[in-house]
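In structure tokens below, several structures.
Each of the two complexes below includes chain A, the first together with chain B, the second together with chain C.
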Partner chain A sequence: MNAENRIALLAAPGLLYLAALYALPLALLLTESLRDAEGALSLAAYVEFFADPFNRGVLWRTLRVAALTTLLALALAYPTALALSRARGWAQTAILVAMVLPLSVGVIVKAFAWSILFRANGAINGALMGLGVIDAPIRMLFTETALIIGAANVFLPFMVLPIYAVMRQLSPALPEAAATLGAGPFFRFFRVTLPLTLPGVIAGAAFTFSLSVSMYVIPSLIVGERQQTLSMLIARSFLFLRDEQLGATISAILLLIAIAVVLGSSWLAARVTGGRP
Partner chain B sequence: MQPAAAPPAQVGGGARHLDVAAVSKSYRGQKVIDRLDFEASRGELVSLLGPSGCGKTTLLRLIAGLVSADGGDIAIGGRSVTRTPAHRRNVSVVFQNYALFPHLNVRDNVAFGLRARGREIGARVDDALALVRMGAFADRAVAALSGGQQQRVAVARALVVEPDLLLLDEPFSALDRKLRETMQVELKTLLWARAITAVFVTHDQDEALAVSSRIAVMNAGRIEQYAAPGALYDRPATPFALDFVGLSTRIAGRARRRDGEAVEIETPYGIVRAPRPGTAPAEGAPVLIGVRPERIALADAEAAPDENRIAVRLADVMALGSRTHLHGAAEADDRLLCELPGMAQTVAPGAEVTLRWRVADTLLYPL
Partner chain C sequence: MTRVDRMALGASWAVAALTVAFLMTPLVVTVAVSFADSPVYSLPPPGWSLRWYEAMQRRSGLADAVMLSLNLALVSTAISLIVGAAAAIAVARGRFPGREAIATFTVSPLMMPGLVVGVALLQFLREVGLRDAYWSLLLGHILITLPFVMRTLLAAMTQFDFSLIDAARTLGLSWPMAVVKVLAPNLAPAFLTAGLFAFLASMDNYPISIFLTDARNKTLPIKMLQYLEEQPDPSLAAMSTGLILLALIALIIGSRTVGLNRMIQG
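Entry: the complex of A and B
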């Protein structure tokens, strides 16, 4: 056994822990979902799940919300990470604190704060009506848009930090070299900065997408029962419908999505780095 | 190896292709470049030589447009570029760490500048790679290249856009001595053949002497002397230039009196005479004497009238192969160094010897 393999042993406790508390229960769930009424191996539960247009709607909404949340978070996070990597001293500390501090405020606190802001007699509607922009309050709570905005807010740090981690490694000499070779700001950004920070973007997007696809608390608080997502459907199956097989089936679907995200993002990351370390 | 091209016809004195006039730059109130003047003629390869932190890289960055000057003017080809951003200056830079794009292979690195300017690529990239003898590596990842190979790619990338000016920031500092010397010859030949104006930054005096038609000795944000290598070596304008370029014997003393064409100086080793400078030092003024070590020999018989002689005890004898360095026991900050050709086996440390050199070879600086 060489040194590198021995180092890998350090991961053993963590892996055992994950196996006991993650892989094993998930495997049990998975087998549960693959049984029919008589206990024989079957895909019947999946066929049944996909046959229901409501379920398909929930799956589609879950994916759409996760994708849009990821996009919104990326749009906000990339410039932030860029600023973070260029800033020095107190400015950098201030941005980092602003990024990380909200993580310590629970999602519940945030969600209630938002409902004060967004509700019909809330601050935003009050301000808009006061200014005469609108006559009647607009509905902001319980919409998909509110969910996406809220989720992007909560997950923003998970997008910023991986991008920042890659960006700080980027030597400032590279965009400078590009400039001396005649590249203007746009060419420099799209041909040097962006390609070299793509691994961070991919990692951040994978994090955010995974978190958004499986989020439960945020949609429960912001959109409630009106617009279900997969996680809410799982909870409902287990807690209210007492249909363990349906819950297990949806869990397995969620797991497949997660696996697809992980594999897809590592494949993408390997492609963009082209074997670079 | 290609035959060495002839040096450019004009060495200085020609039309100023690069003209840096009274440029200043401060970082956080600290003057890094201080009203500096500098120029280079078309097709000339000049060096910036100076100790670490004297502002060489900053001056290159000012010329390239990567930082903006606080004051002064920079012109290239007769056109002021002081307000022109880097990407419109057509000034290529070979960075100290090469700054090759890690996500592009060798060919795409070289093609970058052509693509950025929307120019046709055609055979230019392959020609540029052939020029630096890297044609066989076109499809390699840049991470899979040695330091010397990366340096060549960086040169090809900088040249392929046909820059008005090429700036090189210690391009060979990471290479071992042998490779460095090979690269110096190659670069010099290549630039001369294409009549490219280039500024070469180094803190290695041998490198500066080897590659350039003129050397600017930089110290603390200013240029102390700007001269051809021979003149710089033979007639350093300041004690700093004397110390920084080549080795020297240096002795602190006091001016005594003028004796015709010479000035007499009182030193701890006796009276030494130097040619009278334009403005002779006042009697009793502190001065510094410099002599290049190979101008000094061991005295044998009679003293010639135009010679200086001092008696010293040898502190050390260093045989360096093709030459031998004799170090005399010196006072305080003085240095007594004599270089003899070959391996001098006749003298040993502790021996009392007399050093002699011509009065005409004595350099004199007011302190």
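Entry: the complex of A and C
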């Protein structure tokens, strides 16, 4: 065995660990969801799941919330990453601290803080009434809008950082060269800057979407039981209803969504970079 | 720079300022509530007090939960750093097929739903007969920390000039010694960053842990959510303010030793 092959062996412990305690359990869960009570191969559990309009509503809400969270995060993250790539000194420090400090605080604390803000007697209602925008408190806690704002707040750094990583390596000479060649500002953005930063956008969006589609703590603190998501259905069926068959089916559906996001985003990233690493 | 360019840059500065305020909002709320002299979370509070910091100390089971979470986070991060560094060297230095797939696979748990990973692991461990909560939690927390370590170390190792190792070996060091004496000091910032984020992810994890705990082994996030359901007074905000302070100290140490910019780039 030569030195090159011996180096490959270094990957063995980590790979074996993940294969045994991550890939294998997930594969077993997937096959479990494809079996009926007698153990024969069947799609009955899925048919039953999709036959119920309540379940279809939960699936649709989960996907919609994840998509809107991703869009809101992207709308804030792209300009922020652009400003961060130009920032120097204290402005750079301020943005970087705002990215990293909340990352280290924990999702329960942040979701709970948002639930305080969204209360009927909370600060947002108070401020809106003080400004005369509304006359009476409006219901914000337990709404989908509150959930999207809270989720975007928690996941925003995961959207900014990949875009910033790409933007930082983008030479300012490129848009300048395009300008010298007579390209207008819109042409420069849409044909030079945006395509070159697209890999960061894809990475950030894929990560944010997969985090928001499977979030559990944030919806349980901000919308509670009133508006279920797939994750909350999973927790409910395993921890409260003890209905393992239903839990396994919903888990498999959520898992397939996550795998689709991983594969779809790497396919997109490969297309965008045209095979470049 | 044209007028449109300046306007675009100005707009992105405005959004960046909004983003900073948006990101800091929950932290400011938590700190404000923790010093409030009111049990009902009114903002701004009617008066200030330290009563919730005293109440926090009377919470039962809190110290146990903190110790268990610290234990799991430290042990799982240490194991992941060793196993992950070996795997990252193999992917960055090796010339065997499938390295791209290995990189994707080892980072992929980051994007998988935590509850599903937790359920699958629970059912698997029941199947093989492991019922001890601490060991189940530790195995689960390595699944949380390993992909964080892999993501950061893979990025750093692909930038590392491995001819330095060859040079050290020419000068008489063995492979393991060359890794310890040349690679580790060079990549110390990456190891520190990887360890920090893995540690924080483990401390914060709820969805995987919830399936692996029992009545005696509850991690801090599980205990916190339980308090929120049973007795939601601002003593939790006091506890969270303590966590924010810890994070701030870690951040200051990190920025002094590694630099903020390198920290987030890994």
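We adopt the following convention: the second predicted complex is superposed on the first by the 263 of 277 C-alpha atoms of A that agree within 3 Å, B and C clash if a C-alpha of one lies under 4 Å from a C-alpha of the other, contacts with A are read in each partner's own complex, and residues count from 1 in each chain.
Throughout what follows, a residue touches a chain if its C-beta (ideal position, glycine included) is under 8 Å from a C-beta of that chain, and two chains touch if they have at least 3 such contacts.
Everything numeric in this text was worked out from a predicted model, so none of it was measured.
**Student:** Under the superposition described at the top, does placing chain B and chain C together on chain A give a clash or a fit?
**Tutor:** They fit side by side.
**Student:** In the superposed arrangement, which partner chain does A:228 touch: chain B (first), chain C (second), both, or neither?
**Tutor:** Touch status of A:228: no partner.
**Student:** Which partner does A:196 contact after superposing on A: first (chain B), second (chain C), both, neither?
**Tutor:** First partner only.
**Student:** Quick check for you: in the superposed arrangement, does A:177 touch first (chain B), second (chain C), both or neither?
**Tutor:** It touches chain B, and chain C stays clear.
**Student:** Per the contact definition in the header, classify A:206: touching chain B only (first), chain C only (second), both, or neither.
**Tutor:** Touch partner of A:206: chain C, not chain B.
**Student:** With both complexes overlaid on chain A, does A:55 touch chain B (first), chain C (second), both or neither?
**Tutor:** neither
**Student:** With both structures fitted on chain A, tell me whether chain B or chain C touches more of chain A's residues.
**Tutor:** Partner with more touched residues of chain A: C.
**Student:** Applying the touch criterion given at the start, work out whether A:217 contacts chain B, chain C, both or neither, answering first, second, both or neither.
**Tutor:** In the superposition, A:217 contacts chain C only.
**Student:** On the A-aligned overlay, A:33 touches which partner chain: chain B = first, chain C = second, or both, or neither?
**Tutor:** So A:33 meets neither chain B nor chain C here.
**Student:** On the overlay, how many Å separate the closest CA atoms of chain B and chain C?
**Tutor:** Here the least C-alpha separation of chain B and chain C stands at 5 Å.
**Student:** Same chain A residues contacting chain B and chain C, which ones?
**Tutor:** On chain A, the overlap between the chain B and chain C contacts is residues 184.
**Student:** Once bound in the complex, which stretches of chain A touch chain C?
**Tutor:** Residues 4-5, 7-11, 13-15, 17-18, 21-26, 28-29, 32, 76-77, 79-80, 82-84, 86-87, 92-110, 112-114, 116-117, 119, 121-123, 126, 153, 156-157, 160-161, 164-165, 168, 184-186, 189, 206-207, 210-211, 213-214, 216-217, 220-221, 231, 234-235, 238-239, 247-248, 251, 254-255, 258, 261-262, 266 of chain A touch chain C in their complex.
**Student:** Could you list, by residue number, the parts of chain C that touch chain A in their complex?
**Tutor:** Residues 2, 4-5, 8-9, 11-16, 18-20, 22-27, 29-30, 33, 40-44, 83-84, 86-87, 89-91, 93-96, 102, 104-106, 108-117, 119-121, 123-124, 127, 139, 142-143, 146, 150, 197, 200, 203-204, 206-207, 210-211, 221, 224-225, 228, 236-237, 240, 243-244, 247-248, 250-251, 254, 260-261, 263-265.
**Student:** Using the touch definition from the top, list the residues of chain B that touch chain A in their complex.
**Tutor:** Touching chain A from chain B are residues 64-66, 85-93, 95, 97, 99-103, 112-113, 115-117, 141, 143, 157-158, 161.
**Student:** Using the touch rule from the top, collect the residues of chain A that touch chain B in their complex.
**Tutor:** Where chain A meets chain B, its residues are 171, 173-174, 176-184, 187-188, 191-192, 195-196, 272-277.
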